[in-house]
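Got some structures for you, see below.
You will see two complexes here that share chain A, one where it goes with chain B and one where it goes with chain C.
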Partner chain A sequence: MPESEYNPPPLPQPFTNTPASQITPIYQGAEAHLYKTTFLSPPIPAALKIRPSKPYRHPILDRRLSRARILQEARCLAKLVKEGVAVPALLGLDWEGNGKDGGGSWLVMEWVEGCVVRVVLERWEGVIKARQGYMGGIEGEEEKVVRRLLRRIGGAVGGLHRAGVIHGDLTTSNLMLRPFSRIGDQKGNVDSGEEEEGGSSDMEGDIVLIDFGLASQSSQDEDRAVDLYVLERAFGSSHPRTEEFFEEVLSGYRESYKGAGSTLKRLEDVRMRGRKKSMIG
Partner chain B sequence: MIAIGLEGSANKLGVGIMLHPSDGSTPQVLANIRHTYVSPPGEGFLPKDTARHHRAWVVKLVKKALKEARLSVNDVDCICYTKGPGMGAPLQSVAVAARTLSLLWGKELIGVNHCIGHIEMGRLITGAANPVVLYVSGGNTQVIAYSSQRYRIFGETLDIAVGNCLDRFARTLHISNDPAPGYNIEQLAKKGKELVDLPYTVKGMDCSMSGILAAIDALAATYGLDGEQRDEEEDATDADSTPESDGVSESRKPTRADLCFSLQETVFSMLVEITERAMAHVGSKEVLIVGGVGCNERLQEMMGIMARDRGGSVHATDERFCIDNGIMIAQAGILAYKTGFRTPFKETTCTQRFRTDDVFVQWRD
Partner chain C sequence: MSSSPLETIHLPHLPLAVHAALYTDVHNAPYLRQQLLSANADFEYAFVDASMILSRAHALSAVFRAVNDYLNERLKSRNIHSEIVFSLSPTNNIADSFRKFGISDTTTSLLVVKVSVTPDITYESVAAHLAQNVQGSPLAFDDESLSGISNIAKIKKAYKLGSLPSTPSGQANGTQDDGKRRLEVSVQGAIALRGAA
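== the complex of A and B ==
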């Protein structure tokens, strides 16, 4: 992201008193602005997510959507933490923000170390592209590492669905890779704790799901399958080189909980939908 | 290099002529002629009637276009036609016309994807280099970004297109289809004030419109606003809104204008939201709106506010280029022609299903 022209909106109420050194803008997403700040005491980092009101939207519609989404997000996070799924823990929120104008609703969460899977895969694709110049094909070791990563992603999504939550916007930008190294990692014991041997360390770590802004609670195969389909399409459009390994995500998913089989069957139906697909074959 | 483009995937028949000067300077539009099949209020256009319209008009339009461009048949290098997607019968009638011209004139044919035509024309007119494209029309709703030789679809409608949703609501209200139902909805919406509650369905970067249409149709029926407009009702609502307009307006009966306003506000918010999500995802700051619904000024305004807040800008065109036309087919066709692409006579068919990402885009880096 070219950070040069990025002008974050004014902070909502309680954060106007936070010293500037303790609140740094990180990223402007589609719906929200993300800051790194501290919680209770300076050594505890936290993520602050502000959803500024959208001036293009009719104010009534805007208020209705912001309120519904931030509360939904909070409920899902709270539920997932309780179920032991690797997500940032919810620390606090205000759905009204400053009230009528400006500010916007906000949410404070546990800070997650590491980087998003999109960046990890882009880095990997860059390496592969550079190498293919004189070797061709994806080498055994590289392939194994990326396959392992995708399998863990499948496991993480399975854990989420097992807990009865649908993410609603599964892309590689909404998956984080948290390095294993931290010892006080109580919540990280999901599916993947054992494989800590060496190898390409930049692809190792826990998958942490973030950004539940479009999440909802459901245990229906249909919703789960659509969630997977969104992820599949995100891989296809942003990481064409990893498309052939997407099956690893699905096999990771299959092993992650009991009802996964019927969801995957439903996924085949969902794939057949979509407009203007050629119906040959 | 000169290309003639024939477009007829829906109710518009368009013939356009593009010139790409050999010195590489800016391409020029030599002729851009369109004739629209307009159905009566309360009705949509049926494939067979639309095809009949295209068959009746295509010769006239081609002659007129050549005359306007001051060209003879010999000056034309290739004939471009819409291969799909669109309605079957109208597509066929135009494909037959293109094949006939090809045999008659001895020129090569280029089959063009309609969506690619919109994108390339939008890029040419606005000069947007690598934008996120929102393609919104009566048959398509897609958020597209270019990546390694393909226009990739990041988000799209899961059921009906946004233009279809607006057109069908115009039918419910018996609003005129002249010049376009969407245009008349837009004008009526300018008088609307009250926002009624409608479903809002965004799923990741996809959206769904059919439930919204069903909901607003039901609302119109409940308030007796469907069918032809009754004269007395407009006066009545005007009268009772004035005395207590600042009170609790919840119980006030919405007008036809309010419904059009609410429908536009809701579906356009969804479109801007999915476009913004795609922009954040690919890290782009430019948006290009193409397709018939792209003429809507409220949509352009909303998109402009969103783009401004992201430090970017929005590119849009007017009805000459937004609404289906022949030059966009000529433009996309000529780009492919220059890379050596040809559609052999045997393959000059058309298809109702032809995805944007099926086309290999050889003319871009």
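== the complex of A and C ==
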């Protein structure tokens, strides 16, 4: 008996009816499981996020936490879609998650095609490394595309903050690069495979923010600055070769909304002391 | 097949079949509405004013929510069919949702939805009953038909989305399609979140 084998928790209603071929596990985190499935129309892909109930928590507390968190996420997504910020749209939701056998709360989102920025940057760093060894700087053209990408990331985060939402976990894994789509061609490309490697054209596309599991609504400079700081640290640790271009993120951000200047000023304070604000007083 | 406008839809994840038909030039809306008001059991349908429907996905979002709430035994209204009309609404007021999204005496475009909650509700039985009782011209239940029917201004008002631009200004390639898509997903979000205190 392989004791270590992991059994994912049973799906909540109504996904207990779904044939396994139509629901594919994509990712599993501590709080939620992500599946690729369909919604309303069979050929259109959708993302299903389930927050399974946690059996070690008191049932009443468990319900309350799960409900509050999924609603928080759903509200942020719905608000951002209304504001025209590029995020996966909220399509369906059940915050009760009281399938008779526990189950869990769930939400369905638009499926976002493309690749996470982390992978885009890693690929790029790999190409640069292979081409140059460890000597010398980065060539002009290659540098330009990556700078443009980072600037667009700054713009996307600015759009989010302008709409009054804080992401709470900005990393390059929670930013996606969605290739420019042929409009109205959503149905056809379910089976789009791996993109070809290398070239700078890989960096074209819209930046789409994903995973609002830790998001909240706030318009305070402090919260916005911490959001940026977390992203800055993520770049520093995951992408050492692009860290020097992080200023592009900040200038993209600065241009994206009116209050950006004061947030960036606040960012300097946050850098001095770290993410946690002093709780003295 | 072509004799009936009725379409049977199997929504992913749901164990119940959904039957839907779209009509325009409906002449007997007052009669149909009267059957609902008198709770005539033969007329247990979701009769939706189709001018309040933006797209097929919009309508099916409400159907999905109603069927899911039915399966979880938490309907807020009388039955699954009234719940479909209620589920279209972004607010918790049932009477108001019927005024805004349900059939009225002046309705000329009608979306009819019926869920197979019991085995005797079949494609044939529903098609025959509708053919006898709805006086109107059948249309395909798709986005193209609906685009000629939906009253965008009223829909925006009902969902309090008046501030949504018809075309996104920030994007260089902002087309009318983008604007409609944004309205559609905003409406779907509102339907999903209804009742979240």
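Just so it is clear, the second predicted complex is superposed on the first by the 230 of 281 C-alpha atoms of A that agree within 3 Å, B and C clash if a C-alpha of one lies under 4 Å from a C-alpha of the other, contacts with A are read in each partner's own complex, and residues count from 1 in each chain.
In this section, a contact is a pair of C-beta atoms (placed from the backbone, for glycine too) under 8 Å apart; a residue touches a chain by one contact, two chains touch by 3 or more.
Because the structure is predicted, anything quoted here is derived from the model rather than measured.
**Q** Return first, second, both or neither, reflecting whether A:Ser21 touches chain B, chain C, both chains, or no partner chain.
**A** A:Ser21 sits against neither chain B nor chain C.
**Q** Report for A:Ala30: first if it touches chain B alone, second if chain C alone, otherwise both or neither.
**A** First partner only.
**Q** Taking the superposition as given, does A:Asp169 touch the first partner, chain B, the second, chain C, both, or neither?
**A** The first partner, chain B, only.
**Q** Who does A:Glu96 touch here: chain B (first), chain C (second), both, or neither?
**A** Second partner only.
**Q** Of the partners chain B and chain C, which touch A:Ile60 in the superposed model: first, second, both, neither?
**A** Once the two structures are laid over each other on A, A:Ile60 reaches chain B alone.
**Q** Touching A:Pro42, do we find chain B (first), chain C (second), both, or neither?
**A** Only chain C; A:Pro42 stays clear of chain B.
**Q** For the complex, which residues does chain A have touching chain B?
**A** 1, 5-7, 28-31, 54-58, 60-61, 64-65, 168-171, 173, 214, 226, 230, 236-238, 240, 273-279
**Q** Can you tell me which positions in chain A touch chain C when the two form their complex?
**A** Where chain A meets chain C, its residues are 13-15, 17-18, 22, 37-42, 71, 74-75, 77-78, 81-82, 84, 89-96, 98-99, 107, 110, 183-184.
**Q** Which residues of chain B touch chain A in their complex?
**A** Those in contact with chain A are residues 85, 140, 145, 147-148, 152-154, 156-158, 195, 197, 200, 202-206, 265-266, 269, 272-273, 276-277, 279-283, 301-303, 305-306, 309-311, 351-355, 358.
**Q** Sort out for me which residues of chain C touch chain A in the complex.
**A** For chain C paired with chain A, touching residues are 11-15, 56-57, 60-61, 64-65, 67-68, 71-72, 74, 161, 164-165, 168, 170, 175, 177-178, 182, 185-186, 188-190, 192-193, 196.
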